[in-house]
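If you scroll down you'll find the structure; I have some questions about it.
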Amino acid sequence: MVKAGIIGATGYAGGELVRLLLGHKDVEIKWYGSRSYIDKKYAEVYQNMFELVEDKCLDDNIEKLAEEVDVIFTATPQGYLASILTEEILDKVKIVDLSADYRIKDVSTYEEWYKIEHKSPQFIEEAVYGLCEVNREKVKKARLVANPGCYTTCSILTAYPLVKEGLIDPNSLIIDAKSGTSGAGRGAKVPNLYCEVNENMKAYGVTTHRHTPEIEEQLGYAAGKDITVTFTPHLAPMNRGILATEYASLIRKQDGSLPGAAEIRAAYEKYYKKEKFVRILDDGVCPETKWVEGSNYVDVNFKVDERTGRVVMMGALDNLVKGAAGQAVQNMNLLFGFDEAEGLNLVPMFP
Amino acid sequence: MVKAGIIGATGYAGGELVRLLLGHKDVEIKWYGSRSYIDKKYAEVYQNMFELVEDKCLDDNIEKLAEEVDVIFTATPQGYLASILTEEILDKVKIVDLSADYRIKDVSTYEEWYKIEHKSPQFIEEAVYGLCEVNREKVKKARLVANPGCYTTCSILTAYPLVKEGLIDPNSLIIDAKSGTSGAGRGAKVPNLYCEVNENMKAYGVTTHRHTPEIEEQLGYAAGKDITVTFTPHLAPMNRGILATEYASLIRKQDGSLPGAAEIRAAYEKYYKKEKFVRILDDGVCPETKWVEGSNYVDVNFKVDERTGRVVMMGALDNLVKGAAGQAVQNMNLLFGFDEAEGLNLVPMFP
Amino acid sequence: MVKAGIIGATGYAGGELVRLLLGHKDVEIKWYGSRSYIDKKYAEVYQNMFELVEDKCLDDNIEKLAEEVDVIFTATPQGYLASILTEEILDKVKIVDLSADYRIKDVSTYEEWYKIEHKSPQFIEEAVYGLCEVNREKVKKARLVANPGCYTTCSILTAYPLVKEGLIDPNSLIIDAKSGTSGAGRGAKVPNLYCEVNENMKAYGVTTHRHTPEIEEQLGYAAGKDITVTFTPHLAPMNRGILATEYASLIRKQDGSLPGAAEIRAAYEKYYKKEKFVRILDDGVCPETKWVEGSNYVDVNFKVDERTGRVVMMGALDNLVKGAAGQAVQNMNLLFGFDEAEGLNLVPMFP
Amino acid sequence: MVKAGIIGATGYAGGELVRLLLGHKDVEIKWYGSRSYIDKKYAEVYQNMFELVEDKCLDDNIEKLAEEVDVIFTATPQGYLASILTEEILDKVKIVDLSADYRIKDVSTYEEWYKIEHKSPQFIEEAVYGLCEVNREKVKKARLVANPGCYTTCSILTAYPLVKEGLIDPNSLIIDAKSGTSGAGRGAKVPNLYCEVNENMKAYGVTTHRHTPEIEEQLGYAAGKDITVTFTPHLAPMNRGILATEYASLIRKQDGSLPGAAEIRAAYEKYYKKEKFVRILDDGVCPETKWVEGSNYVDVNFKVDERTGRVVMMGALDNLVKGAAGQAVQNMNLLFGFDEAEGLNLVPMFP
């Protein structure tokens, strides 16, 4: 059994990690780290775990943790892991970091968008961006995995094949994303109160959301050049789910015609046909967040808009699963040579 | 592998059965019956099953089905199974009936509350009421299991120990139950539209709901006499979950004092301590439907109201799992000698 | 124009007061008190008021306020008004208190249930309990109105005629109430976060909720004796609305028969037929919170349960209107001799 | 008093018209037309109207209606009004049509997008597109007003000043709109059931939604040329509200620089500063649907994205008020010379 420790086990992503790892046949959780709830029974913080988890919450002692476990998941605020990570720790234990600390290769970009100084930039180069479908082989050999953000996983996977195949102009990409409220975390803030979110839709972080450079970097690799995109997140009155609706100009072929639906579908199939967790929906079926809730799936599809020469791409995932804890488990499976889907054979729950 | 067929596979309970059985290591679904969607791919009706279920929906031919499978689940309207069940079918196949057809032993009570004639009363006596925690041994030997209703499972299990132990006056029992909307089924009716249910609470079926005689019969067995209770269901703006708040007068002891919290807790523990799927919460913790969502758990607790001499009992379950499909699988596990929890080791999903 | 000041203008009840008073032809708001947002524009706290309210929030200086306005609304935490109220203030200004400070005549009962010392018990006797339909004439002559609680308004009005007419045993009364989340206020607390409330139902404050003695006192007046009731509040996943489902034993008539539906309806009509804001629904129609949302109505109805000798009473209101700010305006109208419905001719919004 | 008749009074838009007209001091409703509910009391169809409306629903006899009222509102399916309208009717009565029948000047465009034959194209030229802020003077003189669609009102008003002032390339316009479910109407369809919509986000009608040509036509007038846009509607789990997030490329000035926030704000103010029902929010404040719920306001704002040379525009309205019934009343006020805001002085309800 692989021994796992979680730092930040009482946030929503941490809680979802616990839910998933409890169903993983090769892992046992040895450390429920939570600075806010030290010595409190974990099942008192998350009552769904009553009689399932008997452990108490522990402090965040990463050195001690590195001695005791094989893998550490950090579901912590930005900057936390960067401020405590050392070579000694990385020598002893594999780390899947659910924060943004090692996602962005250019430290100045990180510092500009996150408004914090990066305390351990020496590990950035080594860290592998854990978008499994794109970086599978690199993840297998990593010590430190930068687990992608929820918006970014959805945004990138939805557009990736078309960018990679040169079917769209990546600089024309506009991503309009809608997220359930669990993405905002479990902090007690007025804007996240039930009565403020319920019966409401709003955009936020317009032109400034920190997932933007992450999307640009990864899709830039696919495009083979630096790109800029417009990314707008929205808060939706639901617990879980991200829906990304993405718009881009199709690149005309040499004969002046636009790529057709068949060509675009072929591009999606080239990259995703064998991917268990990416489902290319049937023609005409739009992804819905409810159809993937509780599971590790990303559902994608598209529609060509011949009138405007654009393609509308759509992707849906569960922000706490494929957008956070599920992908973290998928990365862990790759790190330890397990079946990539172990612990993730979750059928979406409907309704 | 046990072969299972589902009649009524495209209702919400049927869909949940599919979700659960896909995760059961000893069962394969051979028949997705749905008169409304014959020849349509099941995964087009429930898009969450895309790439998970490739079968098409079939007609409801129970004779043919009895030849091909080992167990039939009927998630069908009241009266359907009663109108087609024969001795020949029961000779060949085990049946778990999620409708009410064989739940009530007194056929005239059934006919009075359901307003339909019972077409095969000869099987009522044989049918076992599939409340696993109460009738486990009988279920194991049954051919025909009457799977309890969602409200009834919650209502009965919440009060059962106190009735059985004579701590409360069963005729004083008042059950105020709140249900998520999936309990109303997937039929296209105006009162179940999003805009009618959302931001709304209402009672319905006041004094006339058909789960009333089912509760009375089962708690009457526990009381050792005929009883009447008041049962009021409410529709709540959520997908899943039933919360039953139950009120009863405590029976004074010979010394004139009321039973205390310790005695009441002891009664719950007597019946449920070893029950995996019934969780007696810690003192002071109220059950919440969200804490059991997606799982087969029933969470129960209580509070003594010394001022009025009453006890307030509370129970919460997921109406589609322990209140329908989960309990059906639990019954199937008993029928076939599987581990009772196989396929049901579901961690509640939060949030 | 009557000049009004609000202390606690940035809570949900305070916000609703502003909404209602903006539509009142004889009132202008002169003081938006809010200790949390001093000097901040009110419309920045409640963006719905953008271009409608230009004022900034002010500190809570009740002496100064008493000089400047004709009526003060206090939508403040328990104990606040009691700690600052003086005879000098009451000489100058009328007060409608939305807190519980002067609702309960027995100061020891107040202190026991609210766990705070009452700092100005000398005003309790004078304060008029502002349940307009019951105490209309007294309110007209008052200086200090104790505006009833949201649960209590709903609970009392639903049962009042039957208690008053002696049709039910008041000590058998069980009140199961479901409230929207705005009743929990705008404080930033984890249990009120969107993801904690959404898709969830729970009871809370079981046997200990502070509205209990308020209900008992008022219904005790109607019964002509001290009574105890069981009251259980529940949190429902919706913004607004309270639904009270109330159970009581019918008192048999001298001939041994139970009161019938006609007699019960007659009792409701005796007290409410002329009441604009209490609507006795047609036979068989259950109150729904959505049907009164945004308005000052209370919808009531009942069903006799002959099998158990009980009656099930139901009442629905909007907790922020008739349950708080609307009733406060209704009381103000009585205090100043305005048409009782002025500013309250609000058609419920559906959906 | 102006006498009004409503055809289609029992749909959600019809119900909202009733709510608004009940609060209009110069109008009385004389005809509640509803083919589905003939002879049923209107207040039984919409229980919120209990004791407020005593009328029964009537059949849809437009000739008779034209004799009896001064203005007819048609909240009917596409094609209905076009199939019955005659010169005789228009001679007698003013009509505000909430359907799309007379919104689009090019009948072939209408027939192509709506897939129905237009039965009275002779009235299209005369009909005035009732977007009050743009066509106010024309509406005042009209007999037949084509009330704009919900998505279109929001989409057009959000972008109009920038198109009109030539600050953006109209052909680059991408509109990503999110709507509450009341926009889908009150028809009993499975996709509109509570459990299908709740906890779910999806796009629909991608590249084919019928509001597209309406937006293109109106913004084309502003641009002074034919344009095409990409419009994607989404269904959001809430009752009311539309949020439009709109993206367009800024047109560089002669000096090569992009228009700045000040110039863009100036354009909005040029057209909306004096408009009561369009609120340009403060810098940095994003429109939220909840802030306009129940009111006739449209809240707009924008953010310049210098990195990509685009502007992100945002608009929010209540689809049943400014998006339907409220704008219809606003048009009626213009038609009859009333204060344009009469009956529409509704403070948004929060929460």
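Letters are used for the chains, namely A, B, C and D, taken in the order the chains are written, and counting of residues starts over at 1 for each.
Note that in this section a residue touches a chain if its C-beta (ideal position, glycine included) is under 8 Å from a C-beta of that chain, and two chains touch if they have at least 3 such contacts.
Predicted model only: the values in this text are computed from it and were never measured.
Visitor: Taking contact as defined at the start, I'd like the list of chains shared as neighbours by chain B and chain C.
Guide: Both-contact set = A, D.
Visitor: Call it same or different for chain A and chain D: same when shared residue numbers make up over half of all numbers used at their interface.
Guide: Result for this pair: same.
Visitor: For chain A and chain D, let me know how many angstrom lie between their CA-based centres, rounded off.
Guide: So the centroids are 38 Å from each other.
Visitor: Between chain B and chain D, what's the gap in Å when you average each chain's C-alpha atoms?
Guide: That pair's centroid distance is 46 Å.
Visitor: Pull out every residue in chain B that's touching 2 or more other chains.
Guide: Each of 12, 182, 195-196, 198-199, 237-240, 288, 290, 293, 351 in chain B touches at least two other chains.
Visitor: Would you mind writing out the residues of chain B in touch with chain C in their complex?
Guide: 171, 174, 176, 178, 180, 195-196, 198-204, 206-207, 228-230, 232, 234, 236-241, 243, 245, 247, 286-290, 293, 303-305, 307-308, 310, 312, 314, 316, 351
Visitor: Provide the residue numbers of chain D that touch chain C in the complex, in ascending order.
Guide: 12, 15, 19, 22-23, 44, 46-52, 182, 199, 239-240, 279, 281-282, 285, 288, 290-295, 299, 345, 347-351
Visitor: Give the list of chain A residues in touch with chain C in this complex.
Guide: Chain A residues touching chain C: 12, 181-182, 186, 188-190, 192-199, 237-239.
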